[in-house]
């Protein structure tokens, strides 16, 4: 009886405290800088092209094989009259978010800092009705970075 | 208003309430029948067995622990019914009625003690 | 019924009850078939394997860096501990010396993970004994708090993939020490709440005392580990008996039960939470700046041929990685020795003769993670 | 140290390890020692392994009363090794015991008579590697479906499942071809 | 024949019709309100927010629930016994509903005053048990059967302490008529003279309502919902409706019999609005404590439950009746009578606490802590 009364005093004390839950879709928790949602490609603003050269490093390192990379000759390269220093550039890039396990390995192996984990809420709220819609193509992967909302965090 | 009318007046309410209760349930069921979707699918009718197919029919004979309590209950509940009228009138009758009830409850208590001793109150 | 002999008609039949794979109390997809007579359990058959994803087979195709992410998924309540076993096995095979700072940080994170895992246990166990979700929400409050810290450090709330052979993936945040202290202060209150909510409660005591008893000899014979074993009175804690990381340099107590029943397991876990707080506080004072990876770290992780069975003390007990390497950058064979797998074996012995309601409580007291059992 | 080094080293040279005591406990059993990375490894021929394990458990100096783990390693054509990780709760020492099985004769006596803990581990090895444990009390499948008894997933010759590409690249390639 | 209603003489049939309608509406609104309040209160106890989406502060949550339940498919298992399965909701709901006939909200505000009011209420509400068994047996589901049988065993066991504790108060009040009992408490509520009876009543009431810690028939973690595992849609909501209606009735009766209803502490001459306010406050307090208990305590086990009823509550309530009888039959001075009654009650409460304490607290120290020393391992052998 004494123990039950003690338990009841504990619950009463929490009755008096403020609720800790958040009303999710309206109020978002602030995400830390290092937050890892899904990988996105970065956009080189000065060159008006992605950083990615399509070197397949991330594709080979991916443990779940969720990436597909196709490279092409850069039409904007210096040798063909452009102003970019990249000889090769990404042609097509798909990441299947349904397979991705967000292990950050692709970011670590990238030699060009061309891929980064999305650390905005947009990266977390990716639910769709069809699994096929989770396969992101190049424009989709670049959209987040091009819009300027992404604050990429590079591990020190 | 004579006595019979009084009785009718009060207990008619009980009757009316019973009917009202049934009407309430029936209305709800009819409303549901009108509003709710209904589909015939073969597997829908399987009873819930934590995701597995039922092992066999559930209505088997069950351990008799439950029934033992039922028997005990019947005994004690009938006694309780006897105690009710006593409780309201013994003061007028006087101490004698109290002693009689003491004996009665004593017999009951002996019964309970016997059941207790015999282990009828133990589940195992 | 008609074909039965008259004397058989009065015989009660045992009822077979299926608990799981889809039952509110089975902590995942676990199935136990109870043979009950009225309310008393006569026999238990457990079925596991619903969550089997071939993690061991998959790990044989992954190189040592890729494999880390899979360890998180086997033990989703104590991810750091699982990663730790894996990376330590690789380090042992490659003979890498881990810098001090990394070791201390690993210890802090592992103990925080133990804290969060035990919180999860207390909450889920509260639900098993029938408290309407109160313990659960308390536990989640505390756990979220710890997970927030993990998210700030590693970037993910559950699948951290933060430890690397040789050290850590990257440095912790600048305000790490202050944040850990903050989290610890909240957690202390949380432990007090959990303790006050249930430990002294008479109904809780009545429900947990004296059921699911397993003696020390039986527990050893069944290979039980962790709090289940310690509750039986065997002071077997790998942090003490075979200290890894820096556990030899901190003071902590190993709580040991006396009877080996469910209540003892509860008490042991509650006390372990307090000890974890104590360990973390000592670690914080000893944490010094420094490198997090050894200076000469090979870029490609290749191990010499060899085999190692590396065990660490995860919240649920001994989490072992048996890694056989034939040279190269991936294990030839990887066996995950999961603590719950061993503990779950003893379930039948503990449960027979108790009530249906007790079976649920006993299962809850083992604190199983089915992903770990099935791997 | 690798197995080649261990084979070259003389038997009694594991100074500071428990090998000499194990050797004493296993007298009469032809055991081959090996200095592993962490624990001492003892190779025991498979016909004697249960006898050896029981000797290790009952020997007062050894008292290996705790079976840490039991598993199996497929050596690709070179047979299989059944591995027992032992621990003594009273003495606090560890030992790894290995029994080699030929690829065409995967039979072994059960260790459940020594430690009950071996029960589920052996069931797992049975279905994953196809090693038959004689006299096992409960030889049902443990993790795999009950009807899947003819294939052994953890053997090296068992292929990994094809990676499912029906969504990601599959759709993507299709659109590329159509362009 | 006429009957007075709101100061007017009315034909009995019309009068009944109006009163029934009031009761039906009141019950529906109260149940919806109770569900909403329970969810909010439980959420606060658990530091959550509770329903917030439907309507302002989630006020329309119950309405939305009700609409959803009506518009949900009503599945019947193929193996179920059709008659038993389909009729069970009636047997669960109707007995609870007819209990409303005697429940007093304020003086003169009830459907009918029955002389055997208390007795009638107990008799009616125990019929609802039949519905539970029917639901359990008819579903052809193991959990349902176990749940149904458990509910029988539990309800009949706690029926007796409930009846006897109310009888003990009825002896003190010298009436079974709820209105008279309330009127008799204008000076002091019965809880003062019968604290143990109140405690027993409260415990037995929670048990009768199948609420934690006595919710073993519907124990989520054991029998998944007990007798109504297989019910869905509107049929399931009937069980729910009955459960909350019963909670409401029991709380009302408890506040009327023990806490003085509308009569205490201001007396009966106060206006009707104040009487309703008093009743509401007292009932809410009872209900709040029920919620509070629900959120705090673990579920009991069936053998403990039974032992608690038969070995502790039943003997104690018998003892209370005997003491009451002895005290009341000899016409002692009023002060002494009341002192004896209260004293015996308090003593009973202490006996109860002592027995509970003794039965669970075996000497059990905290776990042994093994500190770090160099020879720790050997030292503990």
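By letter and in written order, the chains are A, B, C, D and E; residue numbering begins at 1 in each of them.
In this section, a residue touches a chain if its C-beta (ideal position, glycine included) is under 8 Å from a C-beta of that chain, and two chains touch if they have at least 3 such contacts.
Predicted model, so just to flag it, every value in this text is computed and none were measured.
Visitor: How many links in the shortest chain of touching chains run from subunit A to subunit B?
Guide: 2
Visitor: Chains in contact with subunit B and with subunit E: which ones?
Guide: Chains that touch both subunit B and subunit E, as defined above, are C.
Visitor: Where the contacts of subunit A and subunit D overlap, which chains show up?
Guide: Chains in contact with subunit A as well as subunit D: C.
Visitor: Determine, using the mean of C-alpha atoms as each chain's centre, which chain is farthest from subunit C.
Guide: B
Visitor: When you take the mean of every protein CA atom shown, which chain's own CA mean is nearest to it?
Guide: C
Visitor: Quick check: more C-beta contact pairs in B-C or C-D?
Guide: Counting C-beta pairs in contact, C-D comes out ahead.
Visitor: Find the chain most remote from subunit E, comparing centres computed as mean CA coordinates.
Guide: That would be chain D.
Visitor: Give, as an integer number of Å, the spacing between the C-alpha centres of subunit C and subunit A.
Guide: Taking the mean C-alpha position of each chain, the two centres sit 30 Å apart.
Visitor: Taking each chain's centre as its mean C-alpha position, how far apart are subunit B and subunit D in Å?
Guide: Computed from C-alpha means, the inter-chain centre distance equals 61 Å.
Visitor: Once you find the CA centre of subunit A and the CA centre of subunit E, what distance in Å lies between them?
Guide: Distance between chain centres: 54 Å.
Visitor: Could you give the separation in Å between the centres of subunit C and subunit E, each centre being the mean of its C-alpha atoms?
Guide: A distance of 41 Å separates the two centres.
Visitor: For subunit C, jot down the residues that touch at least 2 other chains.
Guide: In subunit C, 15-16, 18, 23, 39, 134, 138, 141, 197-198, 201-205, 241, 355 touch at least two other chains.
Visitor: Hey, what residues on subunit E touch two or more of the other chains?
Guide: Expected reply: 45-48, 142-143, 145, 224, 295-297, 302-303, 356-357, 377.
Visitor: Show the residues in subunit A shared as contacts by 2 or more other chains, in ascending order.
Guide: Only 1-2, 4, 7, 10-11, 14, 20 qualify.
Visitor: For a test of understanding, state which residues of subunit C touch subunit B in their complex under the given definition.
Guide: Per the stated touch rule, the residues are 11-13, 15-16, 18-23, 31, 33, 36-40, 355.
Visitor: Any idea which subunit A residues touch subunit E in the complex?
Guide: Residues in contact with subunit E: 1-2, 4, 7-8, 10-12, 14-15, 17-21, 23.
Visitor: Tell me, which parts of subunit E touch subunit B in their complex?
Guide: 1, 3, 12, 16-17, 19-20, 23-24, 69-80, 89-90, 93-94, 97-98, 100-101, 111-114, 119-120, 137, 139-145, 149-150, 152-153, 156-157, 159-160, 163-164, 167, 170-171, 174-176, 224, 229-230, 233-235, 237-238, 302-303, 306-307, 310-311, 314-315, 318, 321-322, 325-326, 328-330
Visitor: Sort out for me which residues of subunit C touch subunit A in the complex.
Guide: Those residues of subunit C that touch subunit A are 62, 65-70, 73, 134, 138, 141, 144, 151-156, 159, 161, 169-171, 173, 193, 196-205.
Visitor: Applying the document's contact rule, which stretches of subunit B touch subunit C when the two form their complex?
Guide: 49-52, 55-56, 58, 60-66, 123-124
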